Amino acid sequence: MLQVENVVAAYGQSTILWGTSLEVKAGAVTTVMGRNGVGKTTLLKTIMGVITAREGKVVFKDRDITALGPAGKAKAGIAYVPQGREIIPKLTVYENLLLGLEAAPDRRAGIPEEEIYRLFPILKDFRKRAGGNLSGGQQQQLAIARALVSRPSLLLLDEPTEGIQPSIAQEIGHILQQLVQEKGLSVLLVEQKIDFARQVSDYYYFMDRGKMINHGSAEEMDFASLERHIAV
Amino acid sequence: GKTGENTTDNGETVKIGVLHSLSGTMAISEVSLRDAVQMAVDEINASGGVLGKKIEPVIVDPASDWDLFAEKAKELLIDKKVSAVFGCWTSVSRKSVLPVFEENNGLLFYPVQYEGEECSNNVIYTGATPNQQLIPAAEYLMSEKGGGYKKFYLLGTDYVFPRTANKILKAYLLSKGVPNENIIEEYTPFHHQDYQTIVSKIKRFAADGKACVLSTINGDSNVPFYKEFANQGLSSATCPIMAFSVAEDELRSMDTEFLVGHLAAWNYFQSNDSPENKKFVEAFKAFCEKKGLPGGSKRVTDDPICWAYTGVYLWARAATKAGSFDVNKVRTALSGLEFDSPDGKVKMDVGNHHLAKPVMIGEIKPDGQFDIISKTDNLVSPQPWSPLTSPDKDCDWVNHKGTYTK
Amino acid sequence: MLLSVNNLAVSFGGVQALSLSHFSLQPQELRVIIGPNGAGKSTFLDIICGRTKPDTGEVYFNDRAIMGMTEVSIARLGIGRKFQQPSVFPGLTVYDNLLLAAKMKKDILSSLFFKPSQLLKARIHEVAEKIGLTKVLSSIAGALSHGQKQWLEIGIVVLQDPKLLLIDEPAAGMSDEETYKTGELLLELSNNHGIIVIEHDMKFVQQIARERVTVLERGKLLVEGSFNDIRNDQRVIDCYLGRNNTQLENL
Amino acid sequence: MLQVALARETNTDALRAGKDILYAIQLNTTTDAQTAKRYIDSLAENWGDNAPVFLSAYAKSKKPFADYAGQKASSLERKYDYLQKVQNLFSGLSLGSILILIALGLSIVYGLAGIINMAHGEFLMIGAYTTYCIQTLFTEVLKVPYTDLLFIISLPLSFLVAGLLGLLLERLVVRHLYARPLESLLATWGVSLILIQTARSLFGDLTAVKTPAFLSGGLAVSPHLVLPYNRIFIIGLTALIVLLTYLMLYKTRIGLQIRAVTQNRNMSACLGIDTKKVAALTFFFGSGLAGIAGCAMTLIGNVVPDMGQTYIVDSFLVVVTGGVGKIVGTIVSGLGIGFFTKILEAFFQAVYGKVCILLFIMLFMQYKPKGLFPYKGRLAED
Amino acid sequence: MEKKIYYLLFIAFFALLLPAGHLMGWVSINTISLWGRYFCFAIAALGIDLIWGYTGILSMCQAFFFCLGSYGIAMHMLLKTSGSALPEFMVWNKVESLPFFWVPFQSFGLTLVLCLVIPSLLAFVIGYVLFRSRIKGVYMAIITQALALAMWLLFLRNETGLGGTNGLTDFKTLLGLPLSNTYVKLGLYLMSLLLLCVAYFACYQITHSKFGKVLQAIRDSESRVSFTAYKVMDYKLAVFVVAALLAAIGGMLYAPQTGIITPGRMDVKASVEMVMWVALGGRGKLKGAVAGALLVNFLYSICTSLFPDSWLYILGFLFVITVLFFDKGFVGLMDNLTKRKEPCY
């Protein structure tokens, strides 16, 4: 589905990713874990095209999309739920959802309202409120909902359960599994909470200082040793 | 400062300074004066120059920035060592360079009508003094031929020329028995655009058909003023506007439909159909076309253009007469000098550095030209100190040291 | 009583965001507040620190009414706040962030003639060590990752040395290991500070909730009790924890 | 003799003036009290320009019904005052519309780049020069006799030309500055210098556009109250433009995209919006609105290179007083400032009126530091 | 160390070389005065850098404070010039007796005090009103701009007794010294240079103290500063007053060297231009403010003479290009040129 090959990325003079590689398999949840500041978010931003890779390649569905901008990538079927939610604050909840349609393969299908509101009931009550006025957790829900509206084939999630109440976090886990199984969605998840990661992941990568230091499938993983690794 | 010998003659050329704003708010008016000076220079150079030297104009842009006027004047006099400077339009700019010219004994040719009350040894005023423009205009409006108006709305841009002009006008009107309540004075800032309120005030003031407007509005405020005037249903028949700062150059591309019949007082009009003027007008159009200046052959001449042009000739004649470019000698030579200007013969006053010239009143025609409806037969002598407001003062550099008490 | 609150209510656009009849906190108590998204937890902290004006109600800090005071006055009384979205000085270095926060006279003149004492420097390094930012002390705070900013903001509040710390979701965006470290830090602080912590990470809550946990729902107090009471309270499970929660099962 | 002339007169103004004099003469010559009263009534009813003067002169005499004439005279004065108030309100509305017309584009562009577009006034100037060029092109190059149609077609053309130049500015300059909004203030300042100088060297000094015939003169509500057509036109135009802008921004997909991009470029891009296109379009639209405003301004003022500077501070004020990014705010504050200015101008000279307005706005900001219609709640915080 | 050399070079050039050049007859007194005036602008620019560069408050009325200083000193000089008579412009305007607010300016000491106190006091009041209601960002910029506009309009009026559009001009002496004298001009130049250095040093101390860091913190996140127990309002007010004071000091030195002060110096454009100097020099760096003010004004002077028809293009393009490609201004550009490029990896 997605191959990241030896990507180098930097903010100005400080290089964060030093030749990172990773592969996201179709119809599976791939999780990247790592301590604070190792470059997980940077990796997702680079894949999405918010930061341009200085070296290396990003290949999506056998197509080299390294040079494509974020909008192009969104249209190609990648949806992104960033860390920090990035709700458009002065638009209403509904308008925020409408924006999800921008990258949808078929705009006319509209917002799958029932599905979304079943998942996140609070969004229905708050349809007309400004997105920026929602509580932190509500915004996170909105961000995920917005990504789902665009019916992506690859979903990039940056710590999606951050600030979300446990029941909904669990629900999100279920939904992800469901989407992966039923619709063949592929997911690249960045997560620090092992519990959630374990609930949904099929494959793991561990990152340290801009490089992948270990990876393997859920079955192969020795979490005890990894936890030690991440802790330092 | 170092006086006297601040003139250079490094062989072939003699330098003069041109100090007109080429950018900023005043560029609209002053660029034409730069062109007029340039044309005079070209003509003189083509006919052999002055005292065997070609004139080399040093053009700078004081950018409608009054401080920069002073700075540029210093630069021209001290660093560039020019023999004379041709420049300024607004009185502010003249006031700002005045100390510089006096300190460095320079010579400034100032081509625009102004408020008087000044008498500098270092300025040659080729524009009109109040008695050469303001008073004859008011006189005309009060006369039977002019309509016998009894109420006067003095409207001006808020700066020294309109303020002083209105002070003098008011003194004149009061002296002619116009009651105080029949005179209204009002000022708007430069670039004022919204004349709705003022025009409705005028409309009420003029309801009985006996009122006229004496306008010292300057620059780009004129168009919105005249348009609003017409649109609220006023016209030259009900309430004429006598303008002191609207000339052909301003009318050139105004929508003259609104203006027809309104008046202006000047010392020169392009429509003056003497042969020398026709030649001048043709020459100016040809010059603008040849130099590729905006407007090209559609350019017109007007009063300040005429005096800016005349100024250069006056200086050249005086230098020739003096046989030197030295400021003191040129100044002496200028006293009483006569010259055949596009406006006919004009004469430098013997003592006060101003120019004696005819006074005319014109009525605006649809083509942006003026119908000359009144013209003095003789040259009107300049009075820098108006007898109306400063009866005890006069200006004379020959028998006195400038301003003196009579 | 370090903090006591009566009949606090605020609504936004017709929705009652908070309506709390009573709440109180002892001087050295660490209180955890949990509750569904949008329950009004952050709003509660916003009111205490003067950021949001309540419609009605009173807040007493050390028996002093603080409603209507400005943020600065409240901060000067000794209430420090960590926000849900990290809020640091992005243009300053990490060290300067900490330096500005440290407890000291904060008027203009003192600032103009301020010289950091050895003691203060040592303290800053000590805190930096604790929050794991020693290596990035001289980098610009705006360039930190999300988690690092969280840490930095905790450091800022700690150095302020307030009597009452209001901490909104400190563990968000941190790994389990770091979450644990945060917990230890908070527990240590609770030895001589009053602390209110908001969190959704149950493991973390379990770690730090030595005394009572408060559950809010739709702006109202749902229950208050020990962690275990709460964990097994049916109402809390229904509205907040969720049934058969795999993540909670290994608690 | 006068009566005979009047009978033949068809011009209403002249007729009224004539009657005025006629009645006055008759009033002053009559000796009969009742006839005098009749003439007093006629004078008042006819309400010629000099009626109040004649009446109050009569009132001073010792003749019959002198008091009555005095009453009539002052009632005419009162009517006049009332009309003057109406005129003032109309002036306020007209000034307000102009401010709104200019501020609207500014507000949209401000929202996009998060900066004060210092060159906004210059797009106004470009719109005005476009109108001027079209007029010159048709009347002088193609020798078409001037028709009112010219003005009508120059409205959309001004929009287009100013819009396209705005687009160019966005593509060449502003595009590089989205991450550094403050600096774009400086860059656009530089651009405004360049544009002014360009206009000056292309067109030289002041030029003016001929007002189309159907817009000159005014609607004579009463002989003493004339509402100029050009101003009525501008008021209507503003209403139309405001409506269209509102519909575009709030009811269309592109409007949604614009609003999203103005608030968060990066995220909008991640959602699949072509931010480049949207930004360019926004600039196009905002500058185009300025162009239309410029075209409209040719109806009341002249066309000069630095005409953009005249209203620019006022329109910034409108944007700010209304609350940045709020169309309703822009409208309400534009009208408010327009009315207040005119009301104050009736009492003070123009300048003092303006100074009062500026100080008043400062005080107003004490109560509404984020404008009339601020965003409420958390999203308003920094 | 390397830094110090630049400072020394700057001082050596302007304090020694330029005056020496004049005495040798290579540099005209006009050039000297010109630089003296640029120094006045640089002093004001330092204030703008403090308030805008460091604190992030875009104040668009600094030119007004500059003019307050200028007008004060100009009033004094004019009164000394006209002696017991009324200043000339009052005679034209038919003002019969000296307006009350002119009276204190007869004394030089009082003039100095008033020139410093009035701008500070006004800045305090304006700042208090604006900061109290938490006006910031564009709102601040536009409101201060409107304020400048209002003041400009008032100063333009003749009724206000300050010379209207013409302003005040034709000063002859200061402290009994003839202003036309070359050595007096040289003295004023050196005085401006000295005060620029003093102002620079003072600003340096301010920005490198904790006070300066609080200012930057306010720029970054005002609410965080409040929650960290600093009274944001006090700090903003203090820096606003300091900036106004610096502007006024610049203005006080400006009037005697230019020989005229008019409301044109304080119109809306003037304030924007001042901000522009700082931006082009490099905002947030004191060196930048000084370099920007000197360079832009120098360019303005020479371009209006060398390229009278096209200088606006030159300056306009310079602004645009500097902003587009050298986002840290001249100083940033210099740093880039002098420093070796750090390797990326």
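The chains carry the letters A, B, C, D and E, assigned in the order they are written, with residues numbered from 1 in each.
Rule of thumb we're sticking to: a residue touches a chain if its C-beta (ideal position, glycine included) is under 8 Å from a C-beta of that chain, and two chains touch if they have at least 3 such contacts.
These are the chains along with the protein names UniProt gives them: A = Urea ABC transporter ATP-binding subunit UrtE; C = Urea ABC transporter ATP-binding protein UrtD; D = Urea ABC transporter permease subunit UrtB; E = Urea ABC transporter permease subunit UrtC.
What you are looking at is a predicted structure, and each value in this text was computed from that prediction instead of being measured.
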Moving step by step through touching chains, the smallest count that connects subunit A to subunit D is 1
Those chains that touch subunit D and also touch subunit B are E
Chain centres from averaged Cα atoms put subunit D and subunit E apart, in whole Å, by 36
Rounded to the nearest Å, the gap separating the Cα centres of subunit C and subunit D is 54
Taking each chain's mean CA coordinate, subunit B and subunit C are separated, in whole Å, by 75
Going by residue number, subunit C touches two or more other chains at 12
Touching two or more other chains in subunit A are residues 133
Residues of subunit B that touch at least two other chains are 23, 158, 187, 189
Note: in the complex, subunit C contacts subunit A through residues 12-13, 35-39, 41-43, 84-85, 132, 143-148, 150-151, 169, 172-178, 200-203, 239-242, 245-248, 250
The answer for subunit E against subunit D in the complex is residues 58, 129-130, 132-136, 138-139, 141-143, 145-147, 149-150, 153-154, 156-157, 221-223, 268-269, 272, 275-276, 279-280, 309-310, 312-313, 315-320, 323-324, 327
Listed in rising order, the residues of subunit E that touch subunit B in the complex are 28-31, 33-34, 37, 89, 92-94, 153, 156-158, 164-167, 169-171, 180, 258-262, 264-265, 301, 304-305, 308-309, 311-312
Residue set of subunit E touching subunit C in the complex reads 206, 209-211, 213-214, 216-217, 219-221, 223-232, 234-235, 238
Listed in rising order, subunit D residues that touch subunit A in their complex are 256-257, 259-260, 263-264, 266-275, 325, 375-379
